[in-house]
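Structures follow.
You will see two complexes here that share subunit A, one where it goes with subunit B and one where it goes with subunit C.
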Partner chain A sequence: MADGLPATSLTVADIAKSLTEFVNTEIMAKDHALGPTDELEAGGVDSMALLKVLLFVEQTHGFWIPDEDLTDEVIRTPTTLAGYIHGRLVEESGS
Partner chain B sequence: MNRLPLSGIDVMLLGLDRIMIKKAGRNNLAQLVVQCDGIVQAEQIRESVKRFSAVVPWGGARLSRSFGVSAPYWQTVPDSLPQVRDRTGEDLGQVLHQNLNARLDPRVDVPLRFDIVPTRDPQGGGVETFVVMSWFHSLMDPRGAECLLIHLNELFEKQVSEVWPDGVPSFSPEKSRRPYREKFRLSGVGRRYIDGFKSDPPVPLARLSPGNNERSVTFRCRTYPEAEGDLNPGRMTKEAMFRLALAGKSLAPLWHRRGVAKPRFLLPMSVDQRRKGDLNVVFNNFLALHFPHFDAAGDVGEIAGKLRIQMMEALRSGVLEATMEAMDIIRFMPVSFLAWRAGFSREGDLASFNFADTGDAALSGLDFFGCRVKNTYHVPTVPPNPGLGVFLNTCSGQRNVVAAWVEGLLEEEEILPVMDGIARGLGWLQQDAGTPTHGVR
Partner chain C sequence: MNIAEFLTDSARRFPTRPAVSDLETGDTLTFKELHEKSMEMASFLEKEGVTRATRVGLHCPNSLAHLIAAFGVLYAKACLVPVADNLTDHEVQTILGEIEVEYCLAWASGRPVLENGATSSTQKTLGSNLEFRFYRYGEVPGPPGFEALNPAFIRFTSGTTGKSKGVVLAHEDTAARVEFSDQVLGLTEEDRILWILPLAYHFAVTIVAYVRAGAHILLCGDTLPRAVGEAIESHRPTILYASPIHVARLSRRKGKDPLSSLRLAVSTAAPITEKLVRDFEAGCGVPLAQAYGIIEAGLPCINTRGPEDPVFSVGKPVPGYEIALFSQDGDRVIGEGDGEIGIQSRGLFSAYYSPWTLRDQVLVDGWFRTGDIGRFDAQGALQLLGRKKTMIFVAGMKFFPEEVEDCLNSHPRVRESRVTAKTHPHLGEIPIAQVVLSLDAVEAEVIPELKRLCAERLSSFKMPAEMKVVEMLPKTGSGKILRRG
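So, the complex of A and B:
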């Protein structure tokens, strides 16, 4: 889990922040940093870069996002993706 | 600054060139076509090229290798500029055909050329211009070529000092700063990965039909209007592996007709290593290689899933970086040895089809030399079985599927179902009855 916190203690904003940091550190050029609500595709995150993001999600949160959930709506911005991840974490901690 | 060392993959392309010319007498130029809605004059391009070359000389350089043993490099030549040719009155198909059949000797010839081909819009509009950029493929990769065009466009109206007030960038990737011990370790990992492919059966090269020695390149572009709403809800059709799987699956009937009943092969994929939004890496091929196993059995979703798993595995294991290091190390080998070392067969071609998704190209939304960009595509230089290149892009709100094939290898009636099948799979709208197909011959 990110920062060693229990899954459900993470907010959508926390997750969006870590996703944004990852994107800016590993994918984007220095002078093209994205914000949590910036559109990933418009910012230049192509499908290959998206795979890196999904791998980061798996390593950080412990699950792989299945194909059927990889909709344009989910992967639009770091925040929308964080919303999905948060929902999954809440679901898993409740089950 | 009068030398630019070739990257590992640049040198690998040199090695492949040596093998492929013996096998099939092919050309060694990569081509990028930009279709502009309006007039772009050769003089405008020439002026921009001149400004750019004054600070970045590699487009007019020559290939060299000290004493025949050092790693190859590009050597500047005083007053040498890339060629810009005004092809007014000539047919685009003929220009592409000439380039398809041209070879240049990078030790002697300028490695970068532009052909400016004004033509009448077949849909009854005004004049449009095709800007054809061709280059020796070890000079830069296709994304680098797109970046170069963007810089030329900036220099169309501005001086160098206005475009880069803080100093001109190097325009080539930074060298790996790993310690040598780590480089050699990674190189070993990459070489073992590549060596593993030698046991894979080669896909036979596409052959011309008897009596057809012309090797004319033919293009067909079909344009699909924007869909109202999402035609494919719940499926992310922009994802690279889905698009690759869709293109491969759509081609399966063609392979079948060419005697490859169950298409299974290695699919060399080049993975762009640029930081997103960075347009300043132009020269040197800045790519990592990935070799997934492609199997046309199953539906598109299953094929995409298998490709995605293999890509994820390559990312996880770090083998993409390892192949880059491996190629960097073998730069010092004789060129004739390189392609064999990389596992490319002398008997056939491991590659199986050309596919490029240029949908995220920065050129797509650009006002290029004062004109709207209608379409951009690359021209496949190698006709692996079944001899077809497929390109996807979105320019000015239009979704384009461009197919390029070599006459004598495929027929037009075989191409159109493939193009429509790909568009349908992407959820793109069927072409309007009144929208003519644009053919370039």
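So, the complex of A and C:
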């Protein structure tokens, strides 16, 4: 779990921040950084790069996002994706 | 000969039939329109000084514009150098330099890195959604004998067998490949192909084969399985050409009808497992063809899953290809037994561009040695067993670990590094890195720097998913980095 915090203590904004940082340091070249509400696709995150994001989510949050959940709405921006991840974490913590 | 004549011919035979559609924009070009626009592009290029064997880069995402530009370059008798749009600036710069690219066509307003080294550039518009930026870098004669090969394409990739970069395909090589594979695939003007792979990597043979047959190419921009499934249901393609990751994701689609319009799904670009073939065929109700694709040779084996074909095999050699296996001592393996796969064919490549090496200097006793290990079954179908050289396959994209190691090693605090593949249930493999740092290095500083360095220089799929600092790397007896085990 990120920073060793219990899952549900992470907010959508926290998750969006970590996703944005990941995309900016490991996918995008330095000169065009994305913000948490910028469109991933318009910013240059192609389907191959999206798989790296899914891998990061798996490593950080412990689950692989199944294809059927990868709707346009979910993968539009770091924040929409964070919303989905947050929902899953809340679900899994059983609260 | 010029392979662009296949388009001329299809435009004559099927003027009003659709050649290519972009499912995202809804735009379609008929064969006549594709031919006319490509000719218009060719005359622009010729006016700019592009001529026989001029190396022209093409940096364009999957789109109608990509086909127009590519055929335009070929009609101008120039040599097409695809520069895939998912590459980093560093990779783009490397291609332009190593292949001595003289001009480059780019989608819409272009990309800043293409300005580097350009003496000038202009905008060229052939219609709506058909805007290009054209860059001029200055003429370079090219290596001796290059023009005489009648070169059509240069695919910038590490050669299968060594450090050579840039596989040169002559028009004749490409035409032979197209002819050979068509004997097995049996393409016709009734075929509709759902296309989800990057055109930059597959134009040379596959797309040319579809155009030659008069088939209709459907460009599906969205490669997520939901979108691909929907595209299959609404556009009723007859052929799907995809990498194993697409195949795996499609076979996991829940509660959907079989993809009944397909007569064939072809999996290429990376190794596949027997389980995946069975899952896909059971889940989708469509035979899954497996092709053995190798840039230096084309598609020497295709298993179309006919009644006699085994579930898991790349199939029998395609007519036009001779395949033999060789032992470690270089002797031919006769009958049963494993060996390195060697290929003879008119469809073999013509040269490596950098360093300049003609095909005949590469062949061993007339055979192209692939570095792949295989075995023939009793029916003569080929099974791939592995590689002599280590290659990493991430979601259908492949690369050599050395490329990533070179990047890591360029950091002043890295003494050496080792990149290996770790299997991943959804991506096939992922690269992981071990690095040995210099004594004065601070791990907490160097690791983020390494990540940034890789992100700048390498395409995202090559970027190590894990980076671990270690004291030392496993070595072979002769001091080389151990690649396996």
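Everything below uses one rule, namely that the second predicted complex is superposed on the first by the 94 of 95 C-alpha atoms of A that agree within 3 Å, B and C clash if a C-alpha of one lies under 4 Å from a C-alpha of the other, contacts with A are read in each partner's own complex, and residues count from 1 in each chain.
What we mean here is this: a contact is a pair of C-beta atoms (placed from the backbone, for glycine too) under 8 Å apart; a residue touches a chain by one contact, two chains touch by 3 or more.
Note that the structure is predicted; figures quoted are calculated from it, not measured.
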| item | value |
| --- | --- |
| When subunit B and subunit C are modelled together on subunit A, clash or fit | clash |
| Which superposed partner A:Thr25 touches (first subunit B, second subunit C, both, neither) | second |
| Touching partner for A:Leu55 - first (subunit B), second (subunit C), both, neither | both |
| Contacts of A:Ser93 with subunit B and subunit C, given as first, second, both or neither | neither |
| Subunit B versus subunit C as contact partner of A:Ser9, first or second or both or neither | neither |
| Touching partner for A:Leu70 - first (subunit B), second (subunit C), both, neither | both |
| First (subunit B), second (subunit C), both or neither touched by A:Gly43 | first |
| Touching both subunit B and subunit C, residues of subunit A | 27-30, 46-49, 51-52, 54-55, 67-68, 70-71 |
| Subunit C partner contacts - residues on subunit A that touch it in the complex | 25-30, 46-49, 51-52, 54-55, 59, 64, 66-68, 70-71 |
| Residue ranges of subunit C touching subunit A (in the complex, touch as defined) | 86, 88-89, 222-226, 245, 249, 252-254, 394-395, 397, 424-427, 430, 448, 451-452, 454-456, 459-461, 463, 465 |
| Interfacial residue positions of subunit B with respect to subunit A in the complex | 230, 233-236, 238-241, 243, 271-272, 274-278, 301, 304-305, 308, 311-312, 315-316, 357, 360 |
| Touching residues on subunit A, where the partner in the complex is subunit B | 27-32, 41, 43-52, 54-55, 67-68, 70-72, 75 |
